[in-house]
Amino acid sequence: METIRIAIAGPRGRMGREAVLLVQKTEHFQLVGVIDRKNDGGDLADIEGFFGIHAPIYTDAARCFEEVRPDVLIDLTTPEAGKKHAEIALHYGVRPVVGTTGFTDEDIKRLTALAEEKEIGAIIAPNFAVGAVLMMKFAQMAAKYFPDVEIIELHHDQKLDAPSGTALKTAQLISTVRPSKKQGHPDEKETLAGARGATYDGIPIHSVRLPGLVAHQEVIFGGNGQSLTIRHDSFHRGSFMSGVKLSVETVMKLHTLVYGLEHIIE
Amino acid sequence: METIRIAIAGPRGRMGREAVLLVQKTEHFQLVGVIDRKNDGGDLADIEGFFGIHAPIYTDAARCFEEVRPDVLIDLTTPEAGKKHAEIALHYGVRPVVGTTGFTDEDIKRLTALAEEKEIGAIIAPNFAVGAVLMMKFAQMAAKYFPDVEIIELHHDQKLDAPSGTALKTAQLISTVRPSKKQGHPDEKETLAGARGATYDGIPIHSVRLPGLVAHQEVIFGGNGQSLTIRHDSFHRGSFMSGVKLSVETVMKLHTLVYGLEHIIE
Amino acid sequence: METIRIAIAGPRGRMGREAVLLVQKTEHFQLVGVIDRKNDGGDLADIEGFFGIHAPIYTDAARCFEEVRPDVLIDLTTPEAGKKHAEIALHYGVRPVVGTTGFTDEDIKRLTALAEEKEIGAIIAPNFAVGAVLMMKFAQMAAKYFPDVEIIELHHDQKLDAPSGTALKTAQLISTVRPSKKQGHPDEKETLAGARGATYDGIPIHSVRLPGLVAHQEVIFGGNGQSLTIRHDSFHRGSFMSGVKLSVETVMKLHTLVYGLEHIIE
Amino acid sequence: METIRIAIAGPRGRMGREAVLLVQKTEHFQLVGVIDRKNDGGDLADIEGFFGIHAPIYTDAARCFEEVRPDVLIDLTTPEAGKKHAEIALHYGVRPVVGTTGFTDEDIKRLTALAEEKEIGAIIAPNFAVGAVLMMKFAQMAAKYFPDVEIIELHHDQKLDAPSGTALKTAQLISTVRPSKKQGHPDEKETLAGARGATYDGIPIHSVRLPGLVAHQEVIFGGNGQSLTIRHDSFHRGSFMSGVKLSVETVMKLHTLVYGLEHIIE
């Protein structure tokens, strides 16, 4: 495979550090520079945790692209910075792979136009865990044949919101392929309030929070003497790196912007 | 093993039919009579579904015990009949194994006194599924070491009440060994009401209802980088027969009444 | 929906009985006749277990098709009879839905030509459990992104062969989308022979056999701090009827033969 | 609770670091010294990763015990060092909690005598994960009622040996309470060798190895229309710390040596 020249924005963040390691250990990936709001002009190898990994540090994204000419930018910063970096990257002919949320429809439209004008790819993905994206895709496919479905998501007990974003996204995707319906027995009754969970468009969602857990989700379909279960377990944040790698490889072949990993997974 | 002479009350019910089959296929069990509110004086073999299984039918329990002298009565009738049959059985020196609920503390006390006076055993068990009883016992034991726990019970969608009786019983048992506590993050928030389930003494309970399912329960404990899960799956009502068999064998060695299978399981 | 006129071959078999019930309870399905090697000229309602379900019985399939003019034949007989019935059905313009195995490539080719000549549909499906077919389809899709995969299948302990046909079929499908590879550590060692399971094209398969279980399979993919699990549980043979229903509805819109339910599931 | 004064041997190892953190965050635990083969005479706070955690470093265990008078020694070093430290600790009236394997029956006997002579407690535990120990204990209990059982253990694909030590230990414990038996159908046949797994005293063991997984085990019991599953998931090495904490608290109340966490868990 041909070597892909990569710049990483946000190398000191938790995800950024994983991305640096990913590039290091992937034979056909080459780290040519990093974008960091601190340490301009320095060498990544001088920062704690990057011993021996040399790459010039730029605070100005435009200068980075001009000087080291990356093929791809991996951006794991904030929504605001990610948006700005993606735009600059496209201007310089650098394909952005952005792992932040917060892009509006307007932003997507503008960046898509820019990518198509430049005839290069761009990928924006709120969730880089390939397994989670497949789980959602399969859930949507299965719901056509099994309209009765419940979602159980399980996380560590430091998580503040319930249900999780992934559970809600899964329910939304399911609701696009099956008519809204009331599940369970028409006369069912909760003798303790909340037992049947939260409901999104008729789909019950149950949120488990326990110390020791990481991030897990089960989508259970039932019907006609059978059940079909799709489960994703994320054991640590390295799970996101599979999607970053896939995106870097895929973005090289695109000539437009793709929003959401589910659209590059067949 | 010595042969145990058995009478069955309620042979035409769904559980009763299973019990008849159980006795038939267990080498050291012998069916010596059945108690049925219909068909007095007839032969079980003449009733649909019992072809070739001969046993005299009695509507009067006392006469049954007098004439066929069973060692054990298996009663799978109603709470009222079960209570009455148990008392008569003890009077005649027949050990009752009763699978109905609805016994009051007063009933238990009276029958216990009677069993001890007669120096024979008696077993009353609201749940005969040995696996479910073990699940509850293990859950109670684990809660001492893992105070954070959630219960997920899954049933077919014809079930009317949520949560299930077994889930509530499990939560009760757990609450006897751990101090009541609020689980999850103190600031956690449901963005969709019900996501965190019902709560019994601080223990979240989630009820899943889907066509195709039968009767399942998972108790999940979490803590310190690990989780411990105890799951029981009941695939058909034959699951109760393991407990009936165990009870018949155990009741022969008792000299008092035992309430609840958990007390004969070590 | 327009009513579909249906004939069933093999009504007295275990699957056939379920199919009769399926047709009975589906509003737009109508049972117009049955093909049975016994009871020619009789009424289905006179046979044990079909009380009140009237339909003429034919031993000669051709006569059945001529006289009652079904739209669809559901065949749940033997490989030999199924093959013969499918051919006769197509000749008479009746769409066959056949749930038996044992068709050769040659058979499929000949019947496909016949279906296309008659411009009607035909479906032959070795496995009618929609959930199992989806599991296999999803497994095949996931293997492109997660080449490391193991299969665990669990059945009752009366099953003679291990691994199951579904496990082998799943492994075959996976092997079409990923290069053959040795999984696990190159230096891994079994200290007890068999621990790492059977291997099909590098994919480990583990067969669990326990009393009480029915038919279950799990396909587990692992990679990069995550795992993805697809599980199918079949609790009783009614699970096959979802696929029969789907096939009857789908075959009405086809103009060729389709082999395998996976090709009518999108 | 009264404060427990603790010394830790092996603070720079992976487990040792976790133990230091455990002591730090437990209110009634106090770190009074560490035993390290390097850095004698220094302060733990000066070593990378222990910023702000002050404790004197000793290379000589005896001097440590003499000078800082700990109540308990937590030893997470090697089998040889652990054995030596345990003996010295007992001589000085310090209760050892040792997390290494490699103790012979002879060693255990000698150290038990010493503990009883000094009238203090000692705990040696090859596995400190409370959840894993409970899983084994429950498996042993359940096997009395469900003699048909299979073990599935799942680990990351860097693990070299199969089956895992925990799976073997579980099978050994089960074999102490049920008669050896051949499981599965007497005529069952492997069409692919290894499908039915490894066998320990008639108990099938299946080993799954996949990247992304950590350390997991399922013990599945089946019988009479039901199954009972006990599963332990270890997500990171912090899972061992629950057992270390429990051991420190328990050892204060003992007057003899206990080998194996299962004996202090009721």
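In order of appearance the chains are A, B, C and D, and numbering begins at 1 in each one.
Everything below uses one rule, namely that contacts are C-beta pairs under 8 Å (C-beta built on N, C-alpha and C of every residue); 3 or more make two chains touch, one makes a residue touch a chain.
Since the structure is predicted, the reported quantities are computational estimates derived from the model, not experimental observations.
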item: Minimal step count in the chain contact network, chain A to chain C; value: 1
item: Chain whose mean Cα position lies farthest from chain A; value: B
item: Of A-D and C-D, whichever chain pair has more C-beta contact pairs; value: C-D
item: Euclidean distance of C-alpha centroids - chain A vs chain D, Å; value: 37
item: Distance between chain centroids, defined by C-alpha means - chain C, chain D (Å); value: 48
item: Two or more partner chains touched - positions in chain D; value: 212-213, 221, 223-227, 235-236, 239
item: Topology of the chain contact graph, where touching chains are joined (line, ring, star, complete, other); value: complete
item: Of all residues in chain B, those that touch chain D in their complex; value: 129-132, 134-135, 138, 141-142, 144-146, 221, 223-239, 241-242, 246, 265-266
item: Parts of chain D lying in touch with chain A, wherever the complex brings them together; value: 212-214, 235-236, 239
item: Residues of chain C that touch chain D when the two form their complex; value: 148-150, 152, 154, 157-163, 168, 183-185, 187-200, 204-213, 220-227
